[in-house]
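First chain written, first letter: the chains are A, B and C, and each begins at residue 1.
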Amino acid sequence: MKVTLFIPCFIDQCFPDVGISVVKILEKLGHAVDYPTEQTCCGQPAFNSGAWDQARATARQALKVFRDAEVVVSPSGSCGAMMKVFYPDLFKDTPEHKEACVLANKTWEFSSFLVNKLGVTDLGASFPGKATFHDGCHGLREMKVQREPRELLKHVRGLELVEMKPNDTCCGFGGTFAVKFPMISTAMGEQKCAAVAETGADYLISLDSSCLMHIQGMFDKQGKQMKSLHLAEVLAHNL
Amino acid sequence: MSTTAVNFKESATQYCHDLDHRQRIKTALTGYEVKRDENKARFTSWEEARQIAAEIKYEVISHLDQYLELFEKNLKARGAHVHWASDAKEARDIICRIAQENQVKHIIKSKSMTSEEIHLNEALEKNGFDVFESDLGEFIVQLRNEPPYHLVFPSMHLTRHQISETFTAKLGSARVTEPEQLTMIARDIMRQKFCLADMGISGVNFGVAETGMISVTENEGNARLTTALPRIHVALMGIEKMVRRMEDLAIFLPMLATAGAGQALTCYNTLFGAAKLPGEPDGPEQFHVVLLDNGRTAVLADAEQRDSLHCIRCGACLNVCPIFRNVGGHSYGTVYGGPIGSVITPNLRGLQDWKHLSFASSLCGACSQACPVKIDLAHHLLQNRRNSVKEKPPAFEGLLWHGFSFVMQKPALYRLGAKVGGLLQPLHEFVKGSALDPAKGWTETRETPQIAKQTFTQWWKENRQ
Amino acid sequence: MNSREKILGRIREALQVKAPMPGHHGEAHAHPAQTNVDGIRHWLPKVGANWEQQKDLFAQNSVALKTEFKVVANAAAAVAEIKRVAAAGKWKRIAAHRTPLLTEVASGVGLDTLWTEKGYAKQDLESCDGGISACEALVAQTGSVMVTTQSSGGRALSVLPPHHIVVATREQLVPDLAAAFELVRRKYNGNFPSAMSFITGPSRTGDIERILVLGAHGPKQLTVLLIA
């Protein structure tokens, strides 16, 4: 299968290892990987801010770039949800609506792609350590991905996975929310950090680097020890 | 920014730093969560029950005029009076008029958020009636001159010590702090009020069209007493509260109790269809139902958000909302808080003045998941944002998104911008956290991620292309 | 045009445009849900197949609700129970209403009795230590007692005195709320009593620190005696 990657802008800029890990994993599984370099952003920041005209303008670039893709895979529940769940809404009553639905149908979040499309749960990965998993809200509630990352992590040799309590509460990032309402974002982040710390884990894993940016950012600011990793980085650890 | 938005941000900032408040709310909700999940599990399928409840409400709201007419017809056939109020003022006037025409002096109320919505108590007091809230939580906040903190639990934010102080100061009662003792103080006072009152005002949880009855849900028994002893019963009801028939309550009453209070069923669920009928030993001489629009027909006209009228006011969305739990019920500055309040308030009270409530959310979606009638709350917040921008494009931010989309449609420009950002980032270190820091909202409490020396795109170009 | 016409007019105009079907993010539901009584019953908690099981479920619910529930053999046994409660509480005065069964039971208790069925003074009822009433039904699924203004002594008898005692008979035990509605439909044939209430345990509140306190405004104690 030819797998076309959609790498969110902040992963491209700040966390390239996540993208590199995804490439390595898919190649190990024997698939051809494509990355159209003309991709930019899914448009979610504008969309969430209510600027849907500008979001559409941005998203048209994605429609163009992924037009010929067989499947589009993204290591992000948040950006994946934008394309898979919200593009049809965004382009409703426009000439691009059909095309948006086509793209939505062929978009996958990375862990869901591995488990549900490729039927793979054991990548032969190993990663010794104690970790906890953070479910980003869009991945969890919009893309309904919860079982899949845990299936994959179950087979990672040496990894001890401990669930946070509670394990389905928002970290407080929320995109532009983090800077528009920083006091609320911070309060939510504090509670997420406390829940993470309470597990006694050394590693925080998620399929959303945007959430990790916020949570790790708080740990770092507080001078507290924690290492955040994207799921793909864990799975590609010894590849 | 509107005054309401400024107030919200100030209040939110205060509450977000109040760790005592955070802990109190967490404690208050933890017990609820355990019981709620226990009772959800008793359903053979809570998810299927949600779909049924959603579809019943969809059916009723889609034919609201017919159900309201049937409801009115059946009530009037039993001698009840039905009044229609287009807005808050009209509703207040109707109720004041009923009180005046019947030489009412003392009024007792059971819990009604709708009566808060129309600011009924102030109007009644201005017109010379004395009004008592009989629900314990409402009574407490009434004494403190505070608005209710939560749809279902008005005094959730208070400690027993604060309540004790209020009782001592306002009632002259003995200084006690045990919840049982405090409750008994209120009980003793209220018993006399129930006997003394000329008029009882209740809310309505559901209006049953087929049999012309209102259904009132409570735990304390104060609504039953409010409607048993005074000679006039006035029930205030939002027009959207309809259900089709009594049997619909077989699913709504348990779901309301489970989602709202973590109970299988609340203590008293009462159907009222008439004033005292011939042969009955007691009950009011007159029964009035006041139907309130106050912006609901405008929400109805927005087909995209019409399902926000399905709300059964259970408060489940508030309980799961991390925003609510951190900013507290009073920060919303309006009668309906939490996710449902953030959805409907801009549409009931003015989009530009109240849009900030729809923006103050990380869109986590816990509310949509919790809603017993499957209202698409999180997506309605997005729709409100879109509508507010369309109605009045924000000046500065509008430019920002124009710039953003311009750059994002030109990959070369985007890559250039990223490269420049990477070069400038070391400079950011100098202003980080200071007043000059453009990213101060972030950097006050978080470290910023480093822009990588080699982006993924660069790696790809070098290694795979 | 008065407000009624204006409101109905606005509603009709609004409803000319159809809204999307409910469900997460407007997902099309495969087939519409069954929203009648059978459909509802399917997903509510299970009730037990026969009277014994339903009686046990009512008993189980009563424990959780802190309702005192006793099955007694006959009216005389009911009287004995009430006498026991009255003695323990040092009762002086009870309230009750006259039905053949209740007259027998309440008179048997031998206390000063306020009979309410023809009306009463509020302060008199307020001073009673206990209220004894009949009921329409006992609902197994929820542990509820259904009372109405015509079967159970009016509106206040079952809520004003601090201890409410219900005297029920075997055939009044029904499986669930829908069955209770069915019962009153059949019995009253469209001429419903002015008020019908489901009582589920003694009165309670959690308004102070979410701590459960019994006897907020309604009765602090609820006793259900089932003659079977």
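By definition in this document, a residue touches a chain if its C-beta (ideal position, glycine included) is under 8 Å from a C-beta of that chain, and two chains touch if they have at least 3 such contacts.
Note that the structure is a prediction, hence the values are computed from the model and not measured.
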**OP:** Report which of B-C and A-B is connected by more C-beta pairs in contact.
**Re:** B-C
Original post:
Of all chains present, which has the mean Cα position farthest from that of subunit A?
Top reply: C
Original post:
If you average the CA atoms of subunit A and of subunit C, how far apart do the two points sit, in angstrom?
Top reply: 52
Original post:
Which integer distance in Å separates the CA centroid of subunit B from that of subunit C?
Top reply: 28
Original post:
When the C-alpha atoms of subunit A and subunit B are each averaged to a single point, how far apart are the two points in Å?
Top reply: 32
Original post:
So which stretches of subunit A touch two or more other chains?
Top reply: 142
Original post:
Among the residues of subunit B, which ones contact at least 2 other chains?
Top reply: 368, 379
Original post:
Tell me, which residues of subunit C touch at least two other chains?
Top reply: 25
Original post:
Given the complex with subunit C, which residues does subunit B contribute to the contact?
Top reply: 27-29, 31-32, 42-46, 48-49, 51-52, 54-59, 61-65, 68-69, 78, 84-86, 90, 134-137, 140, 153-156, 158-160, 163, 179-180, 182-184, 186-187, 190-191, 194-195, 211, 213, 219-222, 224-225, 227-229, 239, 246-251, 253-254, 261, 264-277, 279-283, 287, 291, 293, 297-298, 300-301, 303-304, 306-307, 310, 368, 373-376, 379
Original post:
For the complex, which residues does subunit A have touching subunit B?
Top reply: 7, 9-16, 18-20, 23, 33, 35, 37-41, 43, 45-55, 57-58, 60-61, 89, 137-138, 140-142, 168-170, 172-175, 177-189, 191, 213-214, 216-218, 220-221
Subject >> Interfacial residue positions of subunit B with respect to subunit A in the complex >> reply: 9, 12-13, 16-17, 22, 322-323, 326-327, 359-366, 368-369, 378-379, 382, 384-390, 397-398, 401-402, 404-409, 411, 414, 418, 421-422, 439, 441-442, 444-452, 454-461, 464-465
Subject >> subunit C residues touching subunit B - in the complex, by the definition given at the top >> reply: 2-4, 6-8, 10-15, 17-26, 29, 32-37, 39-46, 61, 97, 116-120, 122-123, 126, 142-144, 149-150, 153-157, 159-160, 176-178, 181, 185, 192-211, 213, 215-219
